[in-house]
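What follows are several structures.
In the two complexes below, chain A is the common chain; its partner is chain B in one and chain C in the other.
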Partner chain A sequence: MRVQVKLFAFFREGRFIKEDRELPEGCTAGEVVDALNIAREEVGVLMLNSRHCQFDTVLHEGDIYAIFPVIGGG
Partner chain B sequence: MVDDTLAILPLIREQTENGFIAGDAAQKIASRSSLTLAAVETLALQHSILPLRYKRNGLRPAEQLRLFRSSVAIIGCGGLGGRNAEILGRAGIGRLILTDPDVFSETNLNRQIFCTRDSLGQAKVTVLGEALQQVNPALNTSLHQHSFDISSITGADIVIDALDSADARKDLAALCRKMDIPLVHGAVKGWYGQLGVDRRSNSIVSTLYRQGGESTTPPRVLPMTVGLVAALQAAEACKLILGRGNVRDNGWLQCDLYNGDFEAIEQE
Partner chain C sequence: MADKIFRVNMTDLSTSIEDVPADWAGHGGRGLTSTIVAAEVPPTCHPLGPDNKLIFAPGLLSGTAASNSGRISCGSKSPLTGTIKESNSGGTSAQRLAKMGCKALIIEGQPQDDGWYSLSMTPEGVTISKEEELVGKGNFAVVEAVEKRFSEKIGILSIGQSGEMQMSAANISVKDPDSHLRSLGRGGLGAVMGSKKIKFIALDAGDGKVDIADPDAFRAANKTFTKALVDHPVSQALGTYGTNVLVNIINEAGGLPTRNFTSGQFEGHEQISGETMHDLIVERGGKPKHGCHQGCVIQCSQIYNDLKGKYKTSGIEYESIWAMGADCTVDDLDQIAEMDHILDDIGIDTIETAVAFGVAMEGGVLEFGDSAEMIRIMTEEIAKGTPLGRIIGNGAANVGRTYGVTRVPVVKNQAIPAYDPRAIKGIGITYATSTQGADHTMGYTIATEILGVGGSADPLSKEGQVELSRNLQIATAAIDSTGMCLFIAFAALDDGACLPALVDMLNARFGISLTADDVTSLGMSILKTEHAFNQAAGFTNLDDRLPEFFATEPIPPHNAVWDFTGEEIDTFWNF
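Let's turn to the complex of A and B:
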């Protein structure tokens, strides 16, 4: 299945801004994070089709999946 | 001493040119009466006379008066907080409540506007308070050199989140929701920043830090990102006070200065 993955802030460094990814059926949000070598504790927000989701949320064909890091500096 | 407000108004009018009164003239009137400079300028604004320092804001006297009667609490006086204080003080907010327990150190020099070699080792809130008086002597500041508590936001119309840790931000957001004060959130890391307005209806800060914390090492923070995000925060604060313009409501703004990419994130 194809899912559009969007990365934000420093998650883009050495990766991409937006990419259509071919993923296995039943793939979860967390598995995509792991496959991108993003540490789960660095993740602030996960959104699937503009709704909040969790690491164990299952993705589906045509989904738009966005991953945001924690940004905390001031 | 001139005590009667009605007696002071003619003095103000006498010093008014084309609808504006200069700072020195207003100060002179204040020193010859029992009124403070802030009270003299309030009286002027109530009669559609603008203090000259606000001329280039281009706001109407009624709006400038609204800003001047407002109180903004700035929590954290480092990169974001210092810039917010500078912008809001110049714009003409009447009262700033500044909270920060720290002193300036050398690693602050890259991004904190009031950090200079002379101010190293001095309390951030004290340095800001003095510098802001040089910019706007009508400004009233309350300085809190301690970690934020309820005294830091009491009486504030708007609170600016300029903290630097996820846990402290969540605590501040909870306190502001309890007090029902809008919290203008901003955060930065490297080339990247985010902005949102946390209210009871959206709990943006809890959303952004939902998954947990961040590394304990101080984040890298570039000055241009700080300047941008602080300016966005100050703009949201002024719009909230003035009651006009589009204030970020449900989602938040992601700022990527490296790729020149800005995206408003809406949540359903």
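Let's turn to the complex of A and C:
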């Protein structure tokens, strides 16, 4: 299945901003993080189709998946 | 030496130095300005008349070596909202006031003539002088001239043309360590200073120092506190990308108000994002990391250079970039930086002014995305006080009334900032119930709803949002009293060592024995004092509501509406 993966802030360094990736059926949000060599403890927020999700959330064909480090502002 | 109250009466041009009343002794920053406004300003007075007062107060820890303690508070009755008002800012003024032993500076009355004045303040007192040379000038020229007249070391509080013209979006500008500007923003405090006919206040602390009751305990607590701040990953991200790191995540969450609040996502988000801004700053030899006051260890400010590598602006915040960017559909950071610089010079609030532009665009005054026309209006109309300039300079609600626009994002007349309350519901509770009109900084639920700091809450659900906003508004009122930057809250929410260390510093500074519960009680009492002032000024629970369109117009991509009932909102005050 194809999922669009988006990275933000320093997660982009040496990786990409946005990429369509071919993933195995049943692939979880956490497995994508692992495959990108991002340490899970560095992850602040995961969003699937603009809603917050967890490492164990299962991805589906056509999903838009965003991975953010711990960030803040205001 | 005990701290004193410095008082200036602009009606008879007299000054005095007074002992601090016992009731005020435990207060600083916002707690003190709100206490003084509540005690001395008639709630029903005209905000620009002689009965309103303008109060400056350093925080309880300002002027000490405590990290991030350089915030100055300014309080008054707001000409924009008609409510009580407190705004705080970095820069160098909090430390100057604290070091000259000033607990608060109270400016009251109104001159009888049409002339302008300046104030210069030392530990010995305040001198009132006639001012002619700088009348009509922008803030950057004022800072340059006042430094030449006195010295480069002084602190400066000043108003630009918008403050002179008493526009209700006018700020008071605060000189920062690089002689650039920070702002006491939102709510029109610059108009109040203009109504007192004061162009600038020069602050010379000499070699004054703040007394610390227990220096060893203070140092130890500050070390723990500083470590908690420095170690928190949010602090590290703030130092790299600034607050503008939020553009992309708020856009992704569908809560980035776009095109005058008609969509929650902006096509041009990447062009105005913190990531893009960081790369541009580095490429042009600016500084991605910069402190707005001495002693800041987070350094969320930055120096933004133009295409030629020349200084353009600093401390440009997410909310300003959102307002001039997504809300007006401008996707060019250089144009936004140019506007930021102009608005700082005129001394007018970036959020209020840009949201007013968004409403004006909807009203057909100019096209969405036309940043060149925005810049022309700022320099040719607002700075010169033409009718159109005054319409925009008096805020978003004023523009809506003038041009018959009904989609006007304000609460109590103050523009709603960068987070759409339909898609991020907790912040809507803060906008509705804040004692000062729509203001994200009063109870920053975004931390928990979007960023996952201090727990988590579903931004599209009403569940737990009133309690979240209440707890954060109470904590914020207390933090705003210490002189601390609100960004210590990220560490405070996650690191158990942070808040106790802050309480230890307060105790060591004053030789007292506060507990964490006392700090919470302080926050509650400040909110209640402010709320009581507003009620006496004529506000009721029916004013704690969002504009109608939020309930009737679903916002994409979530197609969410604002669905809190009035009764649900009113439970906020059950404490």
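Some points to look at:
The definition used in the following text is that the second predicted complex is superposed on the first by the 71 of 74 C-alpha atoms of A that agree within 3 Å, B and C clash if a C-alpha of one lies under 4 Å from a C-alpha of the other, contacts with A are read in each partner's own complex, and residues count from 1 in each chain.
Just so we're on the same page, a contact is a pair of C-beta atoms (placed from the backbone, for glycine too) under 8 Å apart; a residue touches a chain by one contact, two chains touch by 3 or more.
Computed from a prediction, not measured in an experiment: that's the story for all the values here.
Shared-chain residue A:9: touches chain B and chain C both. Legend: residue contacts after superposition of the two complexes on their common chain; A:50 is shown touching both chain B and chain C. By the touch criterion stated above, A:70 is placed in contact with chain B and with chain C alike. In the superposition on chain A, the residues of chain A contacting both chain B and chain C are 8-10, 12, 17, 42, 44-45, 47, 50-52, 66, 68-74.
The part of chain A that touches chain B in the complex is made up of residues 8-10, 12, 17, 40-47, 49-52, 66, 68-74. On the side of chain B, the complex with chain A involves touching residues 76, 78-81, 161-166, 169, 186-194, 207-215, 218-221, 226, 254, 256, 258-259, 261, 263, 265-268.
Residues 233-234, 237-238, 240-246, 248-249, 252-254, 270, 274-275, 300, 317-318, 440-441, 444, 446-447, 450-453, 456, 458-460, 486-487, 490, 557-558 of chain C are the ones that touch chain A when the two sit in their complex.
Partner chain C is touched in their complex by these residues of chain A: 6, 8-10, 12, 17, 42, 44-45, 47, 50-52, 66, 68-74.
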